[in-house]
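Same chain, two partners: chain A is paired with chain B first, then with chain C.
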Partner chain A sequence: MKRRGYGMVFLLLLPALLIILAFYVVPAVLTGTMSLTNMDHRLSWNFVGLQNYKQMLQDTILSRVFWNTIVYVFGTLLCFNVTFGLLLALATSYIAERQGERTSMFFRALWLLPRFTPPIVYGVIWLWILDPTRNGLLNGVLDFFGGKPVSWISKYPVQVIVLTNGVIGASFGMILFYSAITSISKEYNWAAAVDGAGWLQRIRYVTLPLIRWPLMFVTAYQTLSLLTSYEYILIITGGGPFYRTTVWSLYAYNEAFGGYYASYRFGYATALTLVLVVISMVASIIYWRVFRFREMMSEPKIEVI
Partner chain B sequence: MAQLKTERAQLSRFSPERLRVEARKEKSKDRALTVFIYAFLIVASLPIILGYGWLLLNSFSETLAYGVLPKGWTIKNFRFLWELPSRYYPDLWRTTWNTLLLAVGMTVIMILIATPAAYVISRMKFPGRSMMLAMTLILHSFPGVTLLISLYYVLRSLNLLNSIVGVFLVKAGLMLPLGIWIMKGFFDNVSWDVEMSGLVDGASRLQTLYKIVLPQVKPGIAAMAIFSFINGWSEYIYVITFIQKKESWTLSSYVNSIIGDFQFIDYGLLSATALFYILPVLLFFIFTQKYLMTVTVGGTKG
Partner chain C sequence: MAAVILKNITKAFGSVIAVNDVTLEIPDGKVTALLGPSGCGKTTMLLMLAGIYQPTKGEIYFDEVMVNGIPPKLRNVGLVFQSYALYPHMTVYDNIAFPLKLKKVPKDEIRARVQEIAKIVQIDDLLQRKPGQISGGQQQRVALCRALVKNPDLLLLDEPLSNLDARLRIETRAEIKRIQQELGITTILVTHDQVEAVTMADHVAVMRKGVIQQYSTPEDLLLKPANMFVASFIGDPPMNLLETEVTSHEGRPVFRCGAELHIPIPPQVAVSLEQRRAKEFILGIRPEHLEILDERQELAFRGTVSMVELLGRDKLVDFRFGDVAIRALVPAEVNIHEGEEKWVRPQPHRIHLFDKEERRAVRFAG
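Up next, the complex of A and B:
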């Protein structure tokens, strides 16, 4: 009887296990092995020990890439994923309470839309908004007021990648914060209102302390997501001008697949991505300690989702 | 006398007129706040509204004055539907078919494979179960970019480079751990009593799964299906990296090339192809956003 039970377990799990094994576990192991070779487009296993890692220490571009990554990750995180997401959640929850769920839903859906847009289409939209000629939105408006066109992407590349990623990133925080805010029981706010607290004071002393856990979770989770996201940067600036927007993950991608056959430096690129995994792990351990997530796990302080 | 005055002043704080004035003040303050919040939301959303609005308007107009105002309606931007933008492009309908194949392939794999696995993990006790759960978390720390290169190697060994099947297998593999997690959550919410009653009535475990449990997690399956479809339909990085052959292009590669070839020359063509690409996603989004909001949270985009 019991044996038959396990048989079924095995049967139902098998397809998932096979696919995860072939396209997740095996590649993960291969990545580790590849980082010890100087593999290129010929895909031959030529072991060179830790040479790739030594090369990283001498790579002059890499320190620049490192700082780009810090600026990009924390800039986007602080400006958009946390702060702007929170503002959107506060605004839409206020509207949901006063004006009805529908208007609020409209704005939340509007902000979710970029997340579901094919990345290349999202890229097209921004390439138009930031177009260096009069045909673009910003320069069209400038032109209307008699200004000269500005080449936004080459002039403000870092701001551009923070903004374009932020518009997508804000919706993650928005959704989580919104459900956290709307699940705060109304009595707290009423009590504060009776004591004479205005809207801002209620946010400061009631809402924010009560959504502490979601705030910290979004900060931690989105740091890790941003560390490994490069798709939109690749489409909009391509990492340029001259490495100014090349973040760590994009650098690794470009070393492997950027340009033509000149790159395909698979060995070096996999070593780069492994360092990225280590950085992510260190970041998550730090967050785990600093934000004391264990407490959150032990006892649900607030119901989210 | 003085005492009396303060007493009257205090009393008048609660006089009907005074209260009415206070209430009106509060109300206008409230209205000002509401207006302010609306203004904030609308101004903040302008890039999105204008961006998507442009996609629509520019696709159907000759030119845009000052980059915003459409002039002269036309459908000539959509001529790519029946003729090639240049002779280097593959047939549009074949490209669309490939994109659809990728989306449907992803959806089918996710549903057929993640659902039973999630059920087993949620409902059955077996050796190695907790190890499997830990494994999903460990795998999660290996993001897509880390695996991209070794996946290239795996696909080449399996002779699946330049094929849609390769791309959707890879994508499904990366999404499965998370998908199983999410589906497990839906199964966890089905009450044991319902399943037990089926078993007591003499149905086998599989029969109860099929006839009693599955209907209860339908919303979860629907959400997963829509999410996977959109995810597959929109894929960019894996398509660009693993597919070079024009016969296997998807719309991502197509629009990508249009950007390269026509960005400053023909914005009409650019926006029309982008609109064509996003249209199914938009339809899904408008009609099923409630489902989508339940699974967004699992996304890994920054």
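Up next, the complex of A and C:
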């Protein structure tokens, strides 16, 4: 009876185990192994030891890519995913209080739209907005007021990738911060108002400290997700002009699947992604330590009595 | 310190009227209670005084100054919330110092004033703790400190004792009263608990559905209730309220309540009732104003004890007359048992009559 019970357990777990094996364990092992080969478009397993990692140390582009990644990740994070997300949350919670939950929901839904849009469509919309001719939206407006067209993407490539990713990314923080802000008991804000705080002081001394955990969580989580994201950059700038906007994950992608400079260097590309995994892990550990997430796990995530 | 005057204050939330045309004069330096069941609009009144809500109609004056439209931070009001609303991320010290910090008071002065008020309220040994690390009673005191530290003109307390256990409640009640008297600060207290209102306040405004029912001293609430709501809301155990008809029985004037109960009418009441057209009233007698006698006496009526309940110092004695019941409150020492026949005599000047339609108290000489 007992043995049969175990058999049953195994049988029930089998589908999930197979999925994990096929889509997680096998690819991880394959990636690790592949990073030790110089596999190219012929897909032959030609082992070269740590050759790829040595090459990385000599890759003159890579340091540039590294700094691009830092600027892109933290620029997007600080300007949009956290700060702008927070502003949206504060604004929509204020609207909810004044104009009702429906109006507030409308504005939040508006900011969620980019998330529902297929990435290609979203990218193409931006290409149209930023088009260097006067057929583009921005240049059309400039032209209307008598300005000269600006080729936005080649002139401000870094700002463009931060902006385009930020407009999508902000909604994640917005949703989390909004729910955290609205779950703060009204009495804290009333107490602060009676204590003499204006609205800015109420945000600084009451709201922000009380949504500390969601703030830190969004910062950490979005860092990791930005580190591995490249799809909008690929569509909008393609990593250019000349590597100006090539971030680590895009560099790896281009090495593997052929951007315009390299093609099908699967061995080198997998080595690059493995290093990115290590970078992500280091970032996670730093956040875990600095933000003391262990405390968050043992406490309610929003400090409200 | 300030006297507070409310003139025709109305507050509506959409179509719901929370406070309806309230006019009140709250004296300087005294404790005034707003008493009523939950949802009667008393907390809304408090939040209007603090400036968090703006009245839909009417005017609020602190002394001679109209404060409508003046934001909370400029009103110099201290407010203690029912939940205390202590900032959980700040220490007790920072909580109390917060109002002063916002006023940009110099650090040394903040320290001195926080320590001074903490000493008065007796929490000076808790200053470095967080609100989550102290008990409910201590949190209450911290909230009181935070309200008092800025020397407010007006102290507002929202159900200050409701989150405390019974013993702590009695202690804190006395404590708040002591601090109030020591500082002589005008205090407005919101509560649903009549004991709290009666013991702490110099004046009590009883509210129901946004309307003031009676505004008087606690004694008058008990002895001269203005209407049936106040009569039934104030007093524990509640007042006996019986539908009655003024008639005569065996040649004497009586209140006839149901088929079997005839309460003799004291002569001075009878005289003033003769001048009235109405013969039907609601009769109100508080249980503690009924005497139980072993023998027949003037103005007493006979009844059979249907139940006796011991309530510590007192005994609650029920009499049943057909479908009408009356309760009396007697000292616990009185020897009385179920099924005994007794004589019951109301204290003549403690009889209340209420208009049957309008439910207002009928005043008569006596």
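Simple rule for what comes next: the second predicted complex is superposed on the first by the 285 of 305 C-alpha atoms of A that agree within 3 Å, B and C clash if a C-alpha of one lies under 4 Å from a C-alpha of the other, contacts with A are read in each partner's own complex, and residues count from 1 in each chain.
The rule we apply is simple: a contact is a pair of C-beta atoms (placed from the backbone, for glycine too) under 8 Å apart; a residue touches a chain by one contact, two chains touch by 3 or more.
All figures in this text were calculated on a predicted structure; none of them were measured in a lab.
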Simultaneous placement of chain C and chain B on chain A, clash or fit: clash
Which superposed partner A:T237 touches (first chain B, second chain C, both, neither): neither
Partner chain in contact with A:W126 - chain B first, chain C second, else both or neither: first
Contacts of A:F172 with chain B and chain C, given as first, second, both or neither: first
Touched chain A residues, chain B compared with chain C: B
Partner chain in contact with A:D195 - chain B first, chain C second, else both or neither: second
Partner chain in contact with A:T117 - chain B first, chain C second, else both or neither: first
Which superposed partner A:T37 touches (first chain B, second chain C, both, neither): neither
Superposed model, chain C segment overlapping chain B, candidates 27-35, 63-71 or 279-287: 63-71
Interface residues of chain A shared between complexes with chain B and chain C: 305
In the complex with chain A, residue positions of chain B that touch it: 33-34, 37-38, 40-41, 44-45, 47-52, 54-55, 58, 64, 66-68, 109, 112-114, 116-117, 119-121, 124, 126, 139, 141-154, 156, 169-170, 172-174, 176-177, 180, 205-206, 230, 233-237, 241, 251-252, 255-256, 259, 263-264, 267, 270-271, 274, 277-278, 281, 284-285, 289, 292-293, 296-297, 299-302
Residues on chain A engaged by chain C in the complex (per definition of touch): 185, 187-188, 190-198, 201, 205-206, 209-210, 212, 303, 305
Chain B partner contacts - residues on chain A that touch it in the complex: 5-6, 8-9, 12-13, 15-17, 19-20, 22-28, 30-31, 34, 43, 76, 81, 84, 87-88, 91-92, 94-95, 98-99, 107-121, 123-129, 131, 133-141, 143-144, 165, 167-169, 171-172, 175-176, 199, 222, 225-231, 234-235, 249, 252-253, 256-257, 266, 269-270, 273-274, 276-277, 280-281, 284, 305
Footprint of chain A on chain C - complex, ascending: 47, 50-52, 71-73, 75, 77-79, 81, 83, 85, 87-90, 98-99, 102-103, 132, 146, 150
